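Everything on this sheet refers to the single structure shown next.
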Amino acid sequence: MISAKRLQYTIAELTKGLDVAIKGDPNCVITGISSIQDAQQGCVTFLTNSLYRKYLETTLASAVILAEADAEACPINAIVCKNPYFVYAQIAGYFNGRPAASAGTRHISAVIAKSADVDASVHVGANCVIGERVKIAAHAVIGAGCVIGDDTEIGEAACLDANVTLYDGVKIGKRVHLSSGVVIGSDGFGFANHQGGWHKVPQLGTVEIGDDVDIGANTTIDRGAIENTVIGKGVKLDNLIQVAHNVKIGDHTVIAGCVGIAGSAVIGKHCMIGGSALINGHITITDNVIITGNTGVSKSITEPGIYSSGIVGAVPNAEFRKNNARFHRLENLMQRVKTLEADIKQLRERNDS
Amino acid sequence: MISAKRLQYTIAELTKGLDVAIKGDPNCVITGISSIQDAQQGCVTFLTNSLYRKYLETTLASAVILAEADAEACPINAIVCKNPYFVYAQIAGYFNGRPAASAGTRHISAVIAKSADVDASVHVGANCVIGERVKIAAHAVIGAGCVIGDDTEIGEAACLDANVTLYDGVKIGKRVHLSSGVVIGSDGFGFANHQGGWHKVPQLGTVEIGDDVDIGANTTIDRGAIENTVIGKGVKLDNLIQVAHNVKIGDHTVIAGCVGIAGSAVIGKHCMIGGSALINGHITITDNVIITGNTGVSKSITEPGIYSSGIVGAVPNAEFRKNNARFHRLENLMQRVKTLEADIKQLRERNDS
Amino acid sequence: MISAKRLQYTIAELTKGLDVAIKGDPNCVITGISSIQDAQQGCVTFLTNSLYRKYLETTLASAVILAEADAEACPINAIVCKNPYFVYAQIAGYFNGRPAASAGTRHISAVIAKSADVDASVHVGANCVIGERVKIAAHAVIGAGCVIGDDTEIGEAACLDANVTLYDGVKIGKRVHLSSGVVIGSDGFGFANHQGGWHKVPQLGTVEIGDDVDIGANTTIDRGAIENTVIGKGVKLDNLIQVAHNVKIGDHTVIAGCVGIAGSAVIGKHCMIGGSALINGHITITDNVIITGNTGVSKSITEPGIYSSGIVGAVPNAEFRKNNARFHRLENLMQRVKTLEADIKQLRERNDS
């Protein structure tokens, strides 16, 4: 259970301004927030995943955020709404006691180039290094140990957690959040083979990150070879994702951890890409496409929908080994079926004659 | 060959206190340690992988650590034991000449909050940043460039290599070892969709790392949404692993590199997970499960055993392309087999009538 | 479009010393470089990927670098050569206006051990930490926030971008380029099981990086257990790659992002490995092997060629689910085909008798 920052809130206070209906007592006092299976008395909890519906009857919580369809079965106070996960996100803010960076402080150990233009309201953490001609807009937070390359621009209220690295010339939008270990603007992977050796192709573009983008820990985004690598506004990237040079990701697309996106791929708006997927280079994925986890996308996708590849479902190894061996002889199996079909045809003709 | 820290040891000295039998001369002098194929005279080596048994006859080593089953065939001094890899690990310690951090030194460049409680025996490297109310217990080592968030607790003799990032409120057990680039406590990937845009869900939990955990370079572990992300004691994680929010990993489980573990997955004790596996969210894997490399686990596993998915075995591309094309028409192949079965049945009946 | 560093160059100037033929006007003035689809008048562009040939007729560029085969169809000035991508790489250098580190400067905030031997021409960025007995040769660049472990050696003109971590004893060749977040020399993943717990195996080797190696952001290379992990000269590694202990990678091999290479794997020279591939431990891949993306290599490869595994090609999820289900019953399908074959044989014999 996460306790409230102040002593307590009523359900009415927590839901003020939100599009919800309260079933039960709006004056019920809430002192913490919890998952449905672990909730104690005094907690508000939520039901957004049907896997957890079974806990509704027995939860000790004092209130549950849930959808209309579940309200009937709810034995306690219910905060009924169309989008319980969104409402939960808003209410959870009341219980967020995590420390915040103090605005307008620059740690004495930070190394800030004289030509940098850092707004007075920006927080600059210890041991940051801010390069020449960098511009950082109001209310941004630069965590300890960040290195910001020359000529980079960081938008209003952007937040870089500790140990983020931005190369030169990168453009970061407003309210962008970069987690620790993120690297943006590293050279794209471009090498030309000449007489057996690989020669570097200068990477002259940069990276543009739109407003309200969130990027997870240790994710890397390479700068473009000539054109920029572009991350659209509202995009959410999880941890350990690789975005290669010249990639374009459309607005409001979300991508789960460990995904690799090869060079010059273009991904549409409002897409969802599952963990460990691999997107080939130089292909285009249209808007509103869902790619399931572990899928390898090797060709362009031109119609919205859900797409998959790979083999899903782990099975006992002995069973797997048999099917795997059969896979490697699928062409052979097909030829045997063709032979059977010809044989049957022949037998039939003989019988009919 | 790695040379001994001091001039030399006898086999008897190296094996003192270990559960081994010496076959040959316990006073044989050892001056270095080496792999079996590269060993020179004076070296101790080991045999733990049957792939290398062929070198036993010709090795120039002066002694070999091996199992009873291999002792008969060993032409040189043998250190015979039940667990040669474990015994090798102990003996290798005598040859470890790598530099160690000096206890009780705090580099002048480190930035340590006044409210932090750092034991006098702790080593604090150059350019570390240690936040408010952090507690670091005796004999811990904090490498250069680490950033430790507010309210974090680090157990006795824990060792953070250079450039590790811990967010606020993280709990690190005793004797934990974190490699460079590790990020622990970054926000979980939680966003609620509202009218087409994604809105951040506050991540209010933290991360608990049990005693004797080892975490590889650039691995990331996100903090829980409400409950904590929990890594059990003795867990070993390799490099570049993504552990999402709310995940629980049971004691003594080992996970190889590049694995992705999605949110709220629960992994049992004493499991082994191969490289590049992907574990879906909200599933449970019981104790003593082995997952082979590259496997995608999409459903809960309730019985111990070895589990696999995917296609194993790289083959020449031309052959692969045929089988891959056949895979994409497997349903069609199945229908053709069903037709054949019906045809045969019909032909038989005709023949029988 | 990337503008020229100085005002302008003629085609003749840009191609001086390169093995090209100019078709059209060598005195044509070039003011920028661009991709073929976005080129404006005054730009030089290039054609190296047949996907983009369709733009040749309509591009607004003033000159195109291309191969003999495309020269005929080129309506504008052409820089004709055998290897357009390599020639483009050379010409692009004229348009590289990115800031360079100033040689021979050591930032006052850098922490350099007294016993370190750092050439006077080396650039040392802010907040670097350079350990005992480190040797850094002429013209190297050490970016801000790098941590260099004791006894490490860095070759002439090597370049470490910001926030790179090298452990103790690592050897870096000449002209090596390490991107931000790279970790080299972290402990290999070696643990011996003893009575249910995992015990660390000391990792006594180190890492050797050959001349002209390039390593992408957040890639990790573990030190050897006894022998060194070795990256051959001219090797190019993309972002987020995991190279485990004792691995050897042959000269001039290129490896794309998100690849995992397990312990003691040996990869030949001039290989190309696609994104997200997984190479098993203790196997050998010969020279001149191409591994396509997402492939799992579980056995040694002894002949040059192109190798693949997995399932390629994302398809609509409903279709995929059917084929995936059939895969899991492939063994059953095979048995049914065998039964059919026996039945046909029997029917035939009956008919023939």
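As written, the chains take the letters A, B and C, and residue 1 is the first residue of each chain.
The criterion applied here is as follows: contacts are C-beta pairs under 8 Å (C-beta built on N, C-alpha and C of every residue); 3 or more make two chains touch, one makes a residue touch a chain.
In this text, all values refer to a predicted model and were calculated from it rather than measured experimentally.
Visitor: Report same or different for the chain A and chain B interface, where same means the shared residue numbers exceed half of all residue numbers found there.
Guide: Both copies, chain A as well as chain B, present different residues to each other, with under half of the numbers appearing on both sides.
Visitor: How far, in degrees, do you have to turn chain B to put its CA atoms on top of chain C, rounded to the nearest 5?
Guide: Going from chain B to chain C via C-alpha fit gives 120 degrees.
Visitor: Between chain A and chain B, what distance separates the C-alpha centroids? Give it in angstrom.
Guide: 25
Visitor: Could you tell me which residues belong to chain A and also touch two or more other chains?
Guide: Each of 109, 127, 145, 163, 181, 218, 240, 258, 276, 310-313, 315, 327, 330, 333, 337, 340, 344, 347, 351 in chain A touches at least two other chains.
Visitor: If we count contacts the way the header does, which residues on chain A are in touch with chain C in the complex?
Guide: 109, 111, 127, 129, 131-132, 145, 147, 149-151, 163, 165, 167-169, 181, 183, 186-187, 189-194, 196-202, 204-205, 218, 220, 222, 226-227, 240, 242, 244, 258, 260, 262, 276, 278, 280, 282, 290-292, 295-299, 301, 305-313, 315, 319, 322-323, 326-327, 330, 333, 336-337, 340, 343-344, 347, 350-351
Visitor: Mind pulling up the chain B residues that touch chain C in the complex?
Guide: 1-2, 33-35, 38, 49, 51, 83, 85-86, 88-89, 92-93, 95-99, 107, 109, 125-127, 143-145, 161-163, 177, 179-181, 212, 214, 216-218, 234, 236, 238-240, 252, 254, 256-258, 270, 275-276, 293-294, 310-318, 320-321, 324, 327-331, 333-334, 337, 340-341, 344, 347-348, 351
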